[in-house]
Every structure is written in C-alpha cells, then in structure tokens.
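In the two assemblies presented below, subunit A is common to both, partnered first by subunit B and then by subunit C.
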Partner chain A sequence: MSEAFAFLNDIVDYGPQILSGLINTLILAGTISVTGLLAGILIFRLTLSDNEIIRKSTARYISFFIGTPLIVLLFLMYYGLPQWGINFSPFTIAVIGFTLNIAAYNSRYLSAAYNGIDQHQLMAASAQGFSSRQIFTLIILPQTLRRAIPGLTNQVALNIKDSSIAFLIQYVDFFAQMQEQASLNFQYLKVYAVTGAVYLLLVSLVIFASKRLETRYAIPH
Partner chain B sequence: MTFLEIVSILARGAGFTILVTLACILTGFFSGLLAALLFRLDIRPLNWLLHAFTYTFRGIPLLVILFLVFFGLPSIGLPIPPLVAMMLSLGLICGAYLSEVFRGALEAVDPNELMAAQSMGMRRIQILTAIEIPQMLRFSAPGMLNEFTTVLKYSPFAYTVGVPEILKEATSLALTTLRGMEIYLAVGVLYFLIYKIMMEMFLWVERRYAIPGFKQI
Partner chain C sequence: MTLLQVRGLTKKHDDVGVLNGVDFSLCKGEIKIVMGPSGCGKTTLLRCLNRLQEPSSGEIIFDGEEITAAAVDIQQVRQRIGFVFQNFALYRHLSALDNVKLGLRKLRGLSDAEATQRAIYELSRVEMQDHQDKYPAHLSGGQQQRVAIARALVMDPAVLFFDEPTSALDPLMAREVANLLNRLHDEKVTILCVTHDVTLAKNLPGDVLFLNHGRVEAEAPISELMKNHANENVRAFFEQKAPSE
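What follows is the complex of A and B.
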C-alpha cells in the first residue's frame, strides 16, 4: 500500500512536467488531425482531376506514403534537412511529416466514401450547368465527408497514438515525460501501464465522439 | 559514398526488418485467428476478455506496449529478448486488428452452408476447418494485406529495443557520415521496395487460392 502511495507521490511530484507533456501531445495530435484532414481533402480533390498526369502522380503520392514508415520521413527531415542549412523545430517537422502521411490515408477514406455516391447526382448537376468546382464543394464533399466519418475519426485516434513517436525527434510529449519519470524511479512497469491507460482513455474519448458524430450526421435514407 | 553504396550498407539490415515483420505477422495471424474462433464459441466471460484484449491493444500506442514489455517485464524478473518483445507488442496489436477482420469475415459465410453441412452429418470441427475457415480467409484477404502492411511500417521501431534492422543501420551510418538526407531517402526507397514485394507476394497467394466465381464481400 505504502509502495503504491510512494508511486502516486512520485507522479504528483512530477505532475507539472507530465501535464505539459500531455498538453504537447494534445497540441500535436490536434494540429495534425486538422491539417491532415484539410490536406486529405486536397489530395482527394486531385484524385478526381480531369488531368491524367495529376491523377497518376496523386496515386503515386498516396501509394508511396502508405508504403513507407512515417518515422523514416521524420528522420529524413530531422537529420537530413540541417545538411542543407534548414533547421526546423521538432514540432514543425512532426506537423509536416504527419500531415503528408495522414493526408494519404484520409484521401483513401474519402475515395471509398465517394464510390458510394450515386453517380447520377453528378450527371444531373453537370446537366444543370454546375461547374466542376461547384459539383465538388456542393455535392461530392458534403456527402463523402459524412460517409467517411468512421474512417476519418479512426484516423484521429491513430493520430493520438502515433504522435507518441515524435519523442524520437526530441519533441517533448506525454510519452517522453513518462519515460523520464520511469528512468527516475525505475518503476518501468507501473509507469508504462499508467501511460498506456492515459492513451487508452484519450482514444476512448475519440471513439465516443465518433459514434455521436456518426449518428448526428448520418445521411437519412 | 554513392547512393548505391548507401543502399547496399542499409540492405544488411533488411534481413532483420523482414525477420521482425514476418515474426510479428505470424504472431498476429495466429493470435487473431485464435481470438476470432474463441469469440465464435460465444461464452460470455470469454467474450469480455476478448473485447478487453482487442480494445486495449488497439487503443495503446505500439511504443508504449513495446517499452512496457521490454523495460517493464524485466523489472518483475521476466527478461524479454528484443524480437519476442516485438512479437508481444506489434504482433499482438496486429492480432487484435486481425481478430476483428476475421470475425467480420466469419459472419459473411453463408449460414445455409453450415446448416447443409450439419445435416450431412459433419462434426463442428469439420465444418470449421472445411467450410468456415477456408472461406473466411479468402474474405479477409484485403483486411489482412492492410494489417501486414501496417506491421512492416511499424517494424522500424524494433531499433528502439536494439534490433539491428534497416533504421538502426541508417542511424549509425548517419552519425558517422552526417549525410542524413541521402541515407534516409535510401531507407524510404528500401522500405517501399519491401512493401511492393510483400504486396505482390500476397496478391500472388490470393490469386493462387482464388476460387472462380466465389463472391467477395
């Protein structure tokens, strides 16, 4: 009992650092979720382009980012760019790397949702004289976004989990602070169990919100 | 040092990358299959346990589970070798995701076939191995490919527990030559190549065992 108390005491003593780490995790996960969604919409738009070269290069982009590990991209920027005299902060590098990667996944969710749209709607719209831009923003996007909610929110949960790799490029997030904590009190098992529980809680909140969003924005039949 | 020389040095780590990936895929495949089949028994306390397993392993970051296993278990007297630590973290995470894929695919098997088999006097285990599992595996192919790809892409984290795979070779090479740009670019290309080869092999197996006219879900 006193041992558990001492462990809690350690965590409370280290509280401010852990809290700042948690905030950094939330900032990073929040930022990349927003930028990843916006970039994902852009990539999805490019997959619908009339220009074959654009369509092909977009497909290559998606396949490349789905086929290579994100950490390699982060290391490329973190250890490679200074060679050309470009120095970005770990946060900037994480945001750029994650955004490029998440965009590829989100565009795939949107494409899958797009395939479920009744193509007659698009024909009807162009017969009515809608420009391709209007068709995209008024007809395609609202429906694909709604249909893609499960995939897109699942990506947000993944973003929270994956943001934990940012400590490898010296971004001081929640996981980094907990590792520091573990190396101070040597209670690796307990500290990492608590760390896991906190991530599980965050992910659970996203899943809960996702279910709410899904019912709220379901397309009525 | 040319780009090709860099690639050839990094390729030494590729063996370990493939080893880690295969070990984790096998762990994931069998644990996922076991979980999906146990779920099929529909025993309530067991169902809760299986739900808890999939929920936990899908909700916690790989690195946290990896560090918990690799640094945490030795502190209670259970030293874990790096490869086993990867199998217990990445492998079981893959298993948690795959069990959901398998469960969905099992439900897609036509129940009339099971009834027909029963009336022909087939035993439960025969129905499972001769009718349910063969169809389920074919239904699961796209989901499995997805999860296997994910395993490959998370395999570089094995370097954090000291497995000398591609990323490990790259970090030491980058430290000595300070040419991070070319080195990590080569790493990216190498992973993409492995990904392509793995995908082609998977699709080949899928085609090899395809049944003409068998409808996919």
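What follows is the complex of A and C.
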C-alpha cells in the first residue's frame, strides 16, 4: 500500500512535467493529423491527374513513404541535415517527417474510398458543365472523405501512438517524460503501464469520435 | 430552326469505327429518337455530341456554333445541353433538392434562396417536390429519373439528351417517362432520346433515327420503319422487336 502511495506521490510530484509532455504529444499528434490530412488530399488529387508523369511520380512518392521506416526519415533529417548546415527544431522535423509519411497513407485511404464511388456521377458532373476542379471539390472530395472516415480516423489513432517515436529526436513528449520518470524511480512496470493506459484512453476518444463522425456523415446507401 | 446539325461525325476506338459518318439535324422544339441494335453507337453518338467523348472527325454545329473546335469553351456548351443518364447518376451525397441546386449555385452563381426556389419549381414540374429532402438511395428508379430530369431542366438547356431513359425502369414507370417526355415536348423542350425501347418510341411524336454500324440508315416516323421498310437492317431490327411488343 505504501509502495503504491509512493508511486502516486512520484507521479504527482512530477505532474507538471508529465502534463507538459502530454500537451506536447497532443500538439504534435494534432498538428500532424491536420497536415497529414491536407497533404494526403493533395497527393490523392495528384493521383487523379490527367498528366501521366504526375500520376507516376505520385505513385512513386506513395510507395517510397509507405516503404520507408519513419524513424529512418526522422534520423535522416535530424542527424543528416545539420551536416549540410540545415538545422530544424525537433518539432519541425517531426511535423515534416510525419506529414510526408501520413500523407502517403491518407492518400491510399482516399483512393480506396474513391474506387467505391459510382463513376457515372463524375460523367454527369462533366456533362453538366463542371470543371475538373469543381468535380473534385464538389463531388469527389465530399464523398471520398466521408467514405474514408474509418481509415482516416484510424490514422489519427496511429498518429497519437506513433508520435512517441519523436522522443528519439529529442522532442520532449509524454512518452519522453514518462521514461524520465521511470529512470528516476525505477518503477518501470508501473510507469509504462500508466503510459500505455494514457495512450489507450486517448486512442479510445478518437475511436469514439470516429464512430460519431461515421454515423453523422454516412452517405445513405 | 435548326438547333443541332451533325455532319460526317466519326469516332474510332483503337482504329475500330464506332461512328462512321453520322449526319442528322435537330430543330428547336423537336423530339428525335435514336434507335438501333446493341453496339451500333447510340450512346457513343450522344456522348460525342457534348464531347464527353471526343469525336475523331466531323462537325457538330450547336446553336450556330461549331463545337468540335479546340478553342470552344466546352464547359459553357455543356451547360446548355441537359443530359439524363441511363442510370440517373445523381450525386449520392446530396439530397434531391441539392442535386438540382448544385448547378445553379456553382455554375450560375445564384444565391441559395434563388437556387432553392428554382430547384423546387423544377422538382414540382416532375412531381417530386414531396421528396426533395430524400437522398438518391431512398428514391425509387423512377423517382431518381425525375430528379435527374429536374437537374437537367433547371439549367434551362437548349436541348435535353436522354440515354436509354426506360432501361432501368419497370413497364409502369417506363410509361410515366413517356408521358413526361410528351409533356416536355408540349412545352417546346427540344429532346434527343436514345432508346432500344420500341414501346417508348411508339409513344413519342418525333422521327426515329435508325443507327447501324455507326451510320444513320433510316430516318422516319416509327410507324413507317415498322412497316416492311426497304432497308433490310431496319426490317430485321423491328421484326426481332415485334414479338415482345
């Protein structure tokens, strides 16, 4: 009992740092979820280009970033770029690295959703006189986004969990603070159990929100 | 007055001719029916006329303008040609009302209130005002067809193209479509209708353009085409259709 009390006491004592780490995790996960979605939409749009060179280049981009471990990309930028005199903060590197990676995955979710759309609608829109840009923004995007909600929100959950690897490039997030706590009190089992529980809670909130979004924005079929 | 004049229209797919020199004209207020065996190029003809498919050669003069020229703003031309597709092709994420409003809002730049007013008017014209808030998935085939017609009509087109308007409908709905087309014709709407449905063709007042192997082989009222026509292909087509009529 006294051991559990001591552990809680440690957590409370270290509370401000843990909270600051949690806020950093939320800031990073929130930022990369937004930038990753926007970049994913852009990549998805390029996959529909009439220009074959653009389509092929986009396909290679997607293959490259899906096939490359994220940590390699982060290390490349964090340790590699300074050799050319280019220095970014850990946060900036994390945002750029994650965005490039997440965009590739999000574009795949959107492409899969797009393949499920009745293509006659697009021909009808052309026949009505809409431009290809209007067809994308008015017909394709609203439907693909809504159909891709499960995949896109699943990606947000992954972003929360995966953001923890940013601590390897010295970004002081929730995981980094908890690791620091564990190294101070040597209560590895308890600290990492609490760490896992907090990530589980955050991801559960995302899954809950995802279900609500799916219900609210479902396209009647 | 001629609204649409087509001369020597051809369309090739991988060197195979789908349209092999189509000539015909359509006057304002006229209704014309395009018939012919499967694969004769009916749907391709319709899609070439507003360049959803690019013709290989030939002239299309629409309202005095040659529209196959590269400099033509085809999106502007398409806004004056209503197109009702075989499977209706309504936008699945929009209600019936929003399907009809979209073109007015985004192509014509009307305010939401103006677009709503005009869309409701067009929906009532096809007796769909009571279903305006329903999504396409919640409408029957016939109801979707009517919304698609309202969506085309609301843009105040110079001509309406119909691609097989009865093929996805049961006989009762098909009869309603015939009535609706007749009503539109009475209102002086110019119509070009592709169909293989002899019953529909019989119930429409215009001439039939008989298309075979990508060429117009006959043009006459359906009653004449069905009466032991001189052209062997026309005879074969209508003899094959006759037992089911």
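Here is the rule we use: the second predicted complex is superposed on the first by the 221 of 221 C-alpha atoms of A that agree within 3 Å, B and C clash if a C-alpha of one lies under 4 Å from a C-alpha of the other, contacts with A are read in each partner's own complex, and residues count from 1 in each chain.
By definition in this document, a residue touches a chain if its C-beta (ideal position, glycine included) is under 8 Å from a C-beta of that chain, and two chains touch if they have at least 3 such contacts.
Predicted model, so just to flag it, every value in this text is computed and none were measured.
**Student:** What's your read, subunit B or subunit C touching more residues of subunit A?
**Tutor:** Partner touching more subunit A residues in the overlay: B.
**Student:** Between subunit B (first) and subunit C (second), which does A:118 come into contact with in this model arrangement: first, second, both, or neither?
**Tutor:** It touches subunit C, and subunit B stays clear.
**Student:** So, does A:195 touch the first partner subunit B, the second partner subunit C, both, or neither?
**Tutor:** first
**Student:** Check the residue A:146 against both partner chains and state whether it touches subunit B (first), subunit C (second), both, or neither.
**Tutor:** A:146: touches subunit C, not subunit B.
**Student:** Of all residues in subunit B, which touch subunit A in the complex?
**Tutor:** That would be residues 55-56, 58-65, 67-68, 71-76, 149, 152-157, 160, 167, 170-171, 174, 178-185, 187-188, 191-192, 195-196 of subunit B.
**Student:** Can you tell me which positions in subunit A touch subunit C when the two form their complex?
**Tutor:** 117-118, 120-121, 123-131, 134, 138-139, 142-143, 146, 219-221
**Student:** Where on subunit C is subunit A touching in the complex?
**Tutor:** 50, 52, 75-79, 81, 83, 85, 87, 89-93, 102-103, 106-107, 135-138, 148, 151, 155
**Student:** List the residues on subunit A that touch subunit B in their complex, please.
**Tutor:** For this pair, the touching residues of subunit A are 64, 66-73, 75-76, 78-84, 157, 161-162, 164-165, 168, 175, 179, 182, 186-190, 192-193, 195-196, 199-200, 203-204.
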